[in-house]
Structures are given as C-alpha cells and as structure tokens.
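Working notes, structure below.
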Amino acid sequence: MTFFSIDNLAIAFGGLQALQDIRFDVQAGEVFAIIGPNGAGKTTLFNCINGIYRPDAGNIRFDGRNIQGLRPDQVARLGIARTFQNIELFANMTTMENIMLGRHVFMRTGLFRGAAMWGPRSFAGREERDHRRQVEKIIDLLRLQAVRGKLVGALPYGTQKMVELARALALEPKLLLLDEPCAGMTAEEKQDMIFWIKDIQNDLGITILLIEHDMRMVMDISDRILAINFGQPITIGTADEVRRHPEVLKAYLGEEDHRESAA
Amino acid sequence: EEGVTATEIHIGQWGPQTGPAAAWGSVARGTDAYFKMINERGGINGRKLIHHMFDDAYNPAKTKAGVKELQEGTGMFAWVSGVGTAPGLAVRDYLMERGVPWVGPSAGSLHWVDPPHKYLFAVYPLYALEARALCRYAVANMGKQKIAIIYQNDDYGKNGLKGAREELARHGIELVAEVPVNVTDSDLKPHVMKLKKSNAEVVLLWTTVRHAVMTVGISKAMRFQTQFMSTSTCSDFPLMMHISKGAWEGVIAATFAELPDSGYPLLQTYKQEAFDQYAAKGERWGLFYYAGIVFAEPLVEAIRRCGDDVTRERLVQELESLKDFKGISGKISYKPFDPNDPSCRQGQSQTFLVQCMAGGKAKQLTDWATID
Amino acid sequence: MDMKRDYYEDVQLFTSGVVVFWMAIMLAALAIFPFLATSYYIYMANFLAINVIVVIGLNILVGYAGQVSLGHAGFFAIGAYGTVILMTEVHLPFLVALPLAGLIAAGFGFLLGLPSLRLEGPYLAIATLGFGLTITQIIGRIELFGGRQGLHTPELFIGPWHLESDRDFYFLLIPLTILLALTARNLIKTKVGRALIAIRDAEIAAETLGVNLMGYKTLAFAISAFYAGVGGGLYAFVLRFIEPEIFTLLMSIMFLAMVVVGGLGSIMGSITGACLLSWLDLQLRNILSIPYLGKWLEALSQEWFSITGVSNIQLIVFGAILVLIMLFEPLGIFGFWIRAKKYWKTWPF
Amino acid sequence: MEKKTIVNPLLEIRNIETYYDLIYAIRGASLTVAAGSVTAILGNNGAGKSTILKTLMGLIEDQPDKGTILFEGNRIDGRDTEDIVCRGISYVPEGREVFEELSVRENLLMGAYTRRDRDGVRRDFERIYDYFPILADRTHQWAGTLSGGEQQMLAIGRALMSRPKLLCLDEPSLGLSPILVKEIFRIITQINGEGVTILLVEQNARMALNIADTGLILENGRFVMKGPSRDLMDDPNVQEFYLGMQSETSAKGYQRWKRKRRWR
Amino acid sequence: MIDFIQMLINGIAAGSSYALIGLAMVIIYKTSEVPNFAQGEMALISTYVAYMLLEQHQFPSYLAFPLSLVFAVVLGCILEFTILRRAKEPNVLGMIIITIGIEMILMGLVSWKFGAEQKSMPFPISPYDSVMIGDFFVSTLEVLTLVVALCTMIVLFLFFRYSRLGMAMKATQQNPMAARIMGIRTRRILMATWGISSLVGASAGLLLSPVIMQPYMMWDPMLKGFAAAVMGGMTSLPGAVFGAYLLGIIENLFGGYISIEFKSVVAFAVIVLMLCIRPSGLFARHYVKKV
C-alpha cells in the first residue's frame, strides 16, 4: 500500500482550471519534488492536500485513509505539516513560541488545566516544560538558538523561513510539505538547507513533498520529480528523466543548460 | 446633625447635564436659583442653603458615586429632586439605610411610594394619575370613545399606559392602539401609521419631548386629524410650539404646576427674584426649569417649620405635617408613615388640563383637581 | 541570548523576587485600603474592579484573538440579570448563581462567535453591536426580568456571611478579580492563549498546525463573554439595581476603549486601562471644582460658550485623553511600559 | 559586457546610518550609482540590503539617522516617499506588496499613477503583457489570488509602468521559475539598455553579477567589498559564499560542520 | 395593500438619510479601513454652525447653508490633518478609538456651546408639509433628501469610477506602503476623503435638522448609516445606498406588520443573517487570503 497518493485531482477557480488530472503516489521516506512554471498550480496542490482548498474531484489518500474533505486542522493531526511560500509566521510571537505552536496537537492542556497553571508543578506547567524541551531539540537542530527569544516579525527573510521549517517539524509530521524553502536564500544558506532536508529525510524518517524553483537543489535531493504546467501533469520521473523532457525544457527550464542558469 | 451647621444647611442633588437626557439638566439649575433666592432673602432661620449638585449623565453608577462622595465627604442634610428613575433607584436604598431624607424625585414613578419609605417624599404626581385625568376628560367632557396611546418603552411610559388602561376600564372602553416607542428611535412613521390605522379620536402622548413633537408633526404630514393629549412632560407650550414649528397647536396637556405665563403671584416672584437674578445666559423660564423649584418647595417649607431644631427626625415630622401646602404646584399633603399605605408619601395628586393655543398661549380647561 | 533558558521561566507565577516583593506590597495595600477609606472610595474600587474583570475578558477576545466586539454590554447584562434571576427565582446561592450566569453569557458568546467565523472588521463590529442592542430590548420585553421597570438585587449571603456594605463586597470582589486576572494570564500563556494569538496573526498557518479555527474563535467569544457575565453579575450587586437602559452601546464602547487604551494583548494593560478610564469617567464630573482651572473654564463658558452646557467639558476632556493616548502611544499604556523598560535596560546609552 | 564609464552619479548615498527603533541596521554605508549602470548589492540574510533600499525610498520613518542621499544632485533623504517616487525612482519591494483586492490591471494602472500621458501608458501596458504573458491572462483576477511568481511579475511590471530613471529591485527573481529568472534578467538588461539605471538587490549572485557593472557586498550593515562585477566574480571568498562554487562537490558531513566565515 | 405601499414609501424616506451617512462612512473606509464613529458628530457640528449663522447672526439661508457645508469640508480636513495624520503606526482599533475620542470632543463642544435643549432649525421647507400622490403621503423634505442622496451617490460614484483618485483610494486602503511607492500622495488623499465625507455627512445632518435638532440627533442615524454601509459591503457606494434603502424598508415593514418594539433592532438581526451568507456585504466580493 502506498504511503501517500493522489488520484485524479482537479480544482477550478471560476473559469480557471487550476489543477486537473493530477495523480501520483509517494513512497514512505521519499523526497518527492514538484516543479512547474509560475502559476502552474503547485501551491494550489499543496493547499488541496492541506484541506485549505476543497478539490472539485479526486482522491487524496494518506496512510491508508482518504483525507480529502478534512479540515486543515484534522489533516495536521494526521501528521502532515507544511511551510508556506509567502512566510506565514505569527509575527508577534517569539521564535520559541512560534515553534511551540507546532506542538499544539500534542498538548493536553485544555481550558481548565491551562487556567489552573499555578506554578511549574501543575499539569499545564509540567506539560509546557516537556514540550519546551522538544522545541529546544528542534532549535538546536536548525541552529536557531540566537533568535530563540526574538519576535519573528523582525527577523531576516531567510531566518524566518528556517523558523517556519522548525515550526513544521515540531508537529512531528510523517509527511512534510515544503513550498519553496530556499527562496530568498544565499547560495551558502541553500546548501545548509539541502543538508537539513536530507537530515530530516534520513534521520527523522519524514517523507517530503517539495516545491522549488532552484533546479540544482531539486536535482540534488529529490528521488522523483513531478512536473506540471497549466495544472496538468507533464511527466513524473527521476531527476534526469525530467530535466531532459522536452516539454519541461521548453516551459520551465529554458532551452539552455539548466545548470548554468539555476545556480 | 449631619450637613447642618449654625449657618448652613447642605442639600444635595443630581441631574444629567451631559448625555442623552441632558435636557432635564435645567431642573437642577432651577433648584439652584431658587436656593440662591432664599439665601438672598436671609436664608432659613438664619441658615443659608448650600446646594451641591453634580452631573451623573443619567448613568446610575455615576449617580451612586456622586451621592456617596457628597454624603460621606461634605455630608448632606437632605437630598432634593434628582432626575430619573434608574439613577434614583440606584441610590434609594443607600439614602434610606442612612436615614437621609430625600424630597421630590423628579419622576412620577410608583417606585418611590410603593412601598413607602420613611425618608422619601414624592412630589411629582404619578404619571398614572395624569393619564387618568386626561382620559377622564376625553371621555366625560369631550365624549370621545376611541383613545390610543403612544408611550415610551420604559418605566415612565408604562406608568402612563397603566393609568390610561385603568381609567378607560372604568368606562368600559379599551385603548384602540398601544404603540411603544424606544428612546433611541429616530423614525416614527410606522408608529404614526399604527395610530392612524386605529382611527383614534384621541391620542395620548407619553414620550420624550422630541418624540411627541415628531408624532404630532408626522400626523400632520400624514393628514391624520386627531386630538393629541400629552403628559406634563410636554406641557411647556412655548417650547413645544417652537420646536414643532406650530404643529403643537390644539394639543391638550396635563400639568402639575402653575403655567409660566399665568400670572400666579408666587410664580411671578420666583421668576423675578430667582430666574431673572441667577439664571445663566441662554436659560429659559420653562417648565423644566421651575420644576426644580416645585420639587424643592416642600423641603424648604419643612425646614422653615423646623425652626432652629434642624434635624432629620424633625424634618420628617414637619414634612408629614404638611397639609394642603400650596406652592406653585398643586396642593401637597403627606401622612404619617405607614408601611402599607403608598399614599402616605405621595405628596401631590393634583393636576389640571390646559390646551395649547396659537402662539404657545395656554387655555386652562379644568381647575386643579385631585385624581383618585 | 544564546544560552538555553530555563524551561521554567514562563511557567512560573512570579519571575523574580522583586516581583514577589511588589506583589506582596500591592496585596497588603489592597487589604488595608478598605479600613482607611470611606465607603465612597470603596464603592469606586469595586466599580473599577468590575471593569477590570470585563476588560480582561474583552482583551482576550480583542487583543489576543483579534476579534472586535461592540456588544459586550449585552453579555454584561446577561450576567447581571442571570445572577439576580437565578438567585430570586431559582433560589441558588450567589456563589453558584454567579458562575452559572457567567456560563449562560458564555453560551451566548459561543452563539455570537459562530457568525464571527467568517466576519471581520466592521462587519463583525456591526454584528456584535446589533447583539448588544437586541439583548437589552429582549430583556426589557420579558416581565420575569422586571421588564422596563428593572430589578432590585436580593440580599447577599455567602454561607453565614451577610454582605451588606460596600466593604463587605470589596472583600469578595477583589480576591475574585485577582483570581480572574491570574486565570486569564495562565490561560494565555498556555496552549489556548497561544492558539488564539496564532489565529489572530496568521489564521491559515494556525489551522495547518492543528488549531481548530471554529473551536478557538468561538471559545474566545465564550471566555470573553464569561468574564463579562461574571462582571455583570457583580455589577448588579454593586449598584443593587438593574434595568435594561443601563446596558447601553456607550458602555460597550467604553469597555473597548479601556482595552485599547490599556494595550491590546496585555493583562497588565487591561488592568491599568480599565482603572484609568473608569476612574476618569467617574471623576471628570468634578472638573469644574478644580481650583483656578474651574473658575477659568466658567469664565470661558460665560464669554464664548454657555453656562448651561458647561458640564460638557468633561466629554471634551475625556475624548481628548482618548485621542492623545492613542496618538502618542498606539500600543496604549502598555506601550509606555514597554518603552520605559527598554529605555531602562539601555539606560546609559 | 561593455563597461560604462562613470559619467555623473545619478544616486549617491553618503555614509547613512539607519535604526529600527533600537536596532542598528545600517552602520554607515556609502554607495554611488552611475547613470545608466547596473549596480548589484549582495549580502547574507539580515545584512541590511532591503534596509538600504527602504531608507533610500524614505519608507522608514525619521531615517536615515545620519548621512545624506543625493539623487541627481538633490538631497532626498528625509523627504516623503511620494516625493522621491515622483523624482523618478521606482521600487520593487521585498515580499511583492501587491494591492491584493485590486485586479492585475488596476495594479498596473496604479504603477502609472504619476504619469499623465495616456497613450504612453497604454503602450506600456502592452509592453508589460509582452514581458509577462501570463499576466495578460489574469488581467481581471484579484492580485491577492495570484500565484507567488505571478505576484512577483506583477510587482516588477508595476514598477516599470512609471517609466523611472532609477529602478530599485529587491530580489526580483524570488520565487520565479528558472526560465523566468533568465527572462527577468534579460528584461533588466533591456531596460537598462533603454537608459534606465538599475539598483539591484539579489541573492542569485551569479546572475546578478553577470549583468551588473558594479557589485557591492554588504555584511552586517556595512559594505565590505566594492568593485567591478568581474573582479568580484573572481574573488575566492565571493565564490565560496555567494556563488556556491566550492560546494559543488559537497557531501553530507562536510558541510554540516563547516564554520561560518564572515568578513568582520 | 395601501398600507404596504405607504410603508415602502416611508422606508425609502427613512433610508435616504441613512444612505447619506452610509456614503460618508464608506468614503473614509475606502481609504483608511477605519469605520469613522465621529461621522455623526462631524455632521452635527456643521448643522449647528448653520443654525448659529441663521439664528444668531441672521444670515440668509442661501448663504448659511453653503457656508456650513464649506465649514464641514474644512472641519474634515482639519481633523485629518491635526489628529488622524499624527497617529503613528496606527492599528485599526486604535483609529476607531481615536474617532470615538473625536466624537466625544465634537459632541462636547456642541453641547457646551448650545446646551442640550431641543432647537428649532429655521429650514426653508417645513418637515411637516407633505405631498399626496394618490392615496400616499410623502413629506416634501423627504423628497428633497431622496434627491440629494441619489445625486450624491451618482456624483460620487462617477467621480470614483472615472477619476484616478477612486482607485488610488482603494490602493491606499489595501496597502498604504505600496501606495506611497506608486507615488500616490496618500496623505492628501486621506485629507480629501475626510473633507468630502464630512460634506456628505453634513448634508445629512442639515436635512435631518428640521425634524429634530439637539446634540444627540445624529447618534441613531449614524448607527443606521454604518449598518447600511456594512450591508452594502462597506467599500461600495451604490452598496451603501442600496443597503440604506433596504434597511429603511425592512424596518418599516417589520414595524408595521410584526413588532414595533423591535423595529429599531431588527435591522441588526437581519444584517447578522445576511452577513452569514455574504460575509463581506451584498456588493463586495469576499476576499479569502491565499497562502
């Protein structure tokens, strides 16, 4: 049984057919990339998986369940986390608090136990502490110590992206959706990001769905790639297969050698 | 005694000077001028009346704060008037528990007298009584059968409604329309349409001044011919004629005091010695203004009768001994305290009816009469 | 900055000894106060405390969850009437009736929260405003609630303790206020509070992290309504009399102003904001008896304005204070505080 | 690419310092942009690149704290943004900042707000739709619902609509597909060829230096390197940290422990 | 049936003044996303200026009314210039509180100067004259209000539709920073909108004043106007007018047929229901943020 599969997905906005006939499956532990020109529907695809958009047709199966039609928070509870293309952080919270939100689904403190947090030994206090410990691990992993207590609104763009990733990891997802994680980063930072993604894949065993325009990165880390254009799949295959596909070349990479241009 | 020194007697009063009910603010200013007049004449048995008034914006919480501050700070001997049912009710228990006399709340509500309180003396005739007087006149003297009412949707209006219902029940008639209006309403067309549809020959107005004027005006615009009758609140004819641009002519109103231009001697004295001397620029010698005098008259009279022995117990005794006291309102009498008799603290139950003539002149329709 | 911080830090009630020290002094002052002051000042303290309760609740909704409400007088009324009715008609003891009335208000809050899921800004403002206006109309209509005539509160007993004076009530009210304030503080420091802020800042991101929008938005309304309801129940007994006209739109607006002036998203701000504005509201009536200034204002009125309307100066002053605070410190009093702290930290520079 | 000789500086920034409240973001930076040239500013995250542009545009209140900015010889620091824009500077902000509830067309129209010539505007519409055909398809769609890349195109198109003398671009290639990145840089060169001076902030250092005449490297609020772009490209440090040459052969484990080196 | 039509007419008559206030609020909201709670009082003070000119300085009405309208424009501009512009890093709630503060100041000034007593505005048209069309009555003043409201709407609509200013205003509302980058003089635009909005509001005040003139006269119309604007979508001029008439009609029909007591609040109940279906009002598209 496949870990994650999409079948026949379609969605339209008004007259615009944003996605159509999308079908693919992802094996557990894989890094699966989605590429395509701007406006091809990549983010929309993520939004459908997430439950932010309701697809007009199609099936999304995850871990043996049909998750199509679930609310975003229900999807999150099943273990799907994501980052966003335009950063969506909680600007008035510190980095630490942002990541703590990733722990939301694991926390048992409700209204009443929260209200009764009289000191660190109360239920809420203990739980808070335990989860902070988890968050510290993630902070260490992504080297965010320096900005732990800062309001994220004032952090540089690249760091904000890292915080977003950290927040998604805090959810302990089985499937992680990354929407252009490297946009706006320097070459050096991109490389760091590549390694982190690899670590996440290998050490944490998280399956990753990735949207990215930096072809080198995509080629580097993805096991398989899906290319779409105008909401329709062009091809699925390994990095080499995809980058030689004429339609991909024409619509996405440009005719010349992609390596030159994408670095 | 608290609030009394060898030369001074401190009297407190609240009244809205700001907020939606600020038009009633002149009551307190009227009392103020009245007290100044008395002081000018040498005070009461050598003591001057010191008037403390404050603005409560018709907000009971503020009323309570102000009353407490004055009572516990300076110390008031007694309280006079005080506009509004809700503000009054918020402080009533406080004053009664402390045994501070309170004379003449400016609202004709049953709350003041039923059950009666030892230290609370009402002057204003009950709204219900005014409604009775008007209905009785409409049925008995004018021979009208179809009577409707437009009333403000609160204690004030409901009291009027109650009085009208009771009086008409005696004649075996029912109101043909009862139309409530909320204080904040700004469009009274639907209300007037309801009245018009009932074909009422007489419409009782139990609303604020502005709603009364709107009702009469809109009726005129809708060509709805009827006899309007209003409570004393709207009996200030020059004012009503002015703001209704003449539409008020012909309206019959109940009043609880002599008319401003009636030439009643005491009233003229007040006008000359209190109003002309002390009223601020822009003040108007109207009903709301000298209502402040009406409510204070019995208090002043009772203090005068106390002589040198100005104590609260004595004051209560003297107030209770007032019999047919006549100031510028109807005759005022109180009875010794009886917890089961609401009438023991209802000082005045008299009213007379007037009709508005061209130019705001008033034509007296009936004499002072006590309504049962 | 780089050091790993103590996990306890945010969890503890008091972050440092200094805070404990000041807290103790505050508590002592609050405890002695009623023995030194006249009942007028105690009444005022009670009044302020009630506003503090409501404003803290409203801040949870406005400051933390980012929803606006112009209908809190409605919840306030529900709490007031609920408490009184539960006591007189159902004969529940006060300490049961009060939270129950709060829960009823919370129920209404929940209902009002439902349409709020999709509304924002002025749309939500109008919806809540309509709620506030309608509730008082409905209460005024129902005879059980005393209709338009209003209701007197019953005698107040807690067990054998008969609360007669304002001072008695003070001893009930102040601990309750402190309790509610601390509860609110705990609430927003833990999961619920974080989720609310998250919704305010980035709704969709919060959702994808497993925050149930519907649940938390309505919860915010419910919590906030609960606080308002409890405040209302207490208010009835401070005033000892309630009628529908007391719970006006103006009251809702005042609550909102207290929240914003105090500082959105700050409990301390709410406390100071509520105290400052309600104190001003009560005290400005005396503005004309301020030495010199009062005389001068009167002279000014004689010359240019009118004596009959002179009291309206208090409106002008109140309005001007609102405007000035918001102009110079959009974060409210809380903003002053933060700035002072920042300044202090970097002081020699 | 042909080297342009510095005729006269169109823009001159002298020793500016910028604070965000108490955060000291730009610590004395000077920069000269010659008329008709392309100048690229490179730097790490948080170096202050965007801050320089924001300061230049007068978007940070009461800033720069110190220093002067001259445009065509006139001081523009401390002036209103609108005023600066009217002098002929246009700016593509970081994070797109499109008008979300206006249509694509209306967004572009707003870009031409300072212009009076209707025909010219109409022609420029055509030009923008030519550059970015997908925008033409989305003419009546609300800009807020565009995809990330489409918004970026819109932001660039909008800035071009005002026919500026100086065009400031903050990471124009952010989130664009490879083909479009190339396209964007081609367009920038083309516009530059039409006489528009360009000030470019980019992460894509290779592309940026390729088309730029001059490059500057910003670290921690100070320029640490300046020079003709060719020279920068040959610099080993730049190659390692901005062009990513060294890491071509990178493998797991090596990079992880690599020390972050900075010019300080 | 006759009743029904008369109620419709009454509803439209009542709606006209809501429409004017609604339009005024929409104009400001369109640029700054602030519901202006001072709208009513800005109109109030202009109305009292007209009253003062007429009663105390014996100006002829053909001078007094235009002068008071000019005053309204100036007032709007001054308020924007001296107060709203000074707000640093404003958030919407802070701005609302500022407008509430302004509301109190203006209300205080009017009551201070003129007292709380009801005044009688010497208006050329008596509010109680009516014309009869068949079996139906309309007061002449209401006809005038209707005409003014519709003309204002049309003029404003055309102005905003066909001048660049209209779109610039919308841009300013959505992203003030980006608007400034486009060279839009946001401050001037804000000032202009406050001026225009104050003018429109003042005309509503003047038209209401013959019927009722005291410091609280604008409170209810302001709320209703606000509600009407929300009903229409808060950013749409025709929407505000449509909402206003719908509101007036609903109120009158509800008052006539169901319950007159709840007449004044039924509008809000209807709005809540309507917003459940169309969360951004009748005339505005609902924007859902895209991630």
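When the chains are written out, they are named A, B, C, D and E in that same order, and each has its own residue count from 1.
Everything that follows uses one rule, which is that contacts are C-beta pairs under 8 Å (C-beta built on N, C-alpha and C of every residue); 3 or more make two chains touch, one makes a residue touch a chain.
Everything numeric in this text was worked out from a predicted model, so none of it was measured.
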Steps in the shortest chain-to-chain touch route ending at chain D and beginning at chain B: 2
Relative to chain A, chain with the most remote C-alpha centre: B
Centroid spacing, where centroids are CA-atom means, of chain B and chain E in whole angstrom: 37
Geometric centre distance via CA averages, chain E-chain A, whole Å: 48
Whole-Å separation of chain centres (CA-atom averages), chain A against chain D: 28
Centroid spacing, where centroids are CA-atom means, of chain C and chain E in whole angstrom: 31
Interface hub residues of chain B, defined as touching at least two other chains: 17-18, 22, 25-26, 153, 182, 282
Shared interface positions of chain A, touching two or more other chains: 43, 52, 84-86, 88
Shared interface positions of chain C, touching two or more other chains: 137, 204-205, 306, 308-310, 312, 314-315
Contact footprint of chain C on chain B as seen in their complex: 17-18, 22, 25-26, 29, 54-57, 59-62, 64-66, 68-69, 71-73, 85-86, 89-90, 92-94, 111, 153-155, 157-158, 182-183, 280-283
Residue numbers on chain E that touch chain A, as the complex places them: 291
Chain A residues touching chain E - in the complex, by the definition given at the top: 43, 47, 52, 84-86, 88
Chain E residues within the chain D interface of the complex: 88, 164, 167-168, 170-171, 174-175, 177-187, 285, 287, 289-290
Contact footprint of chain A on chain D as seen in their complex: 20, 23, 44-47, 50, 94-96, 134, 138, 141, 145-150, 152-153, 171, 174-182, 203, 205-207, 240-244, 247, 250, 252, 255-256
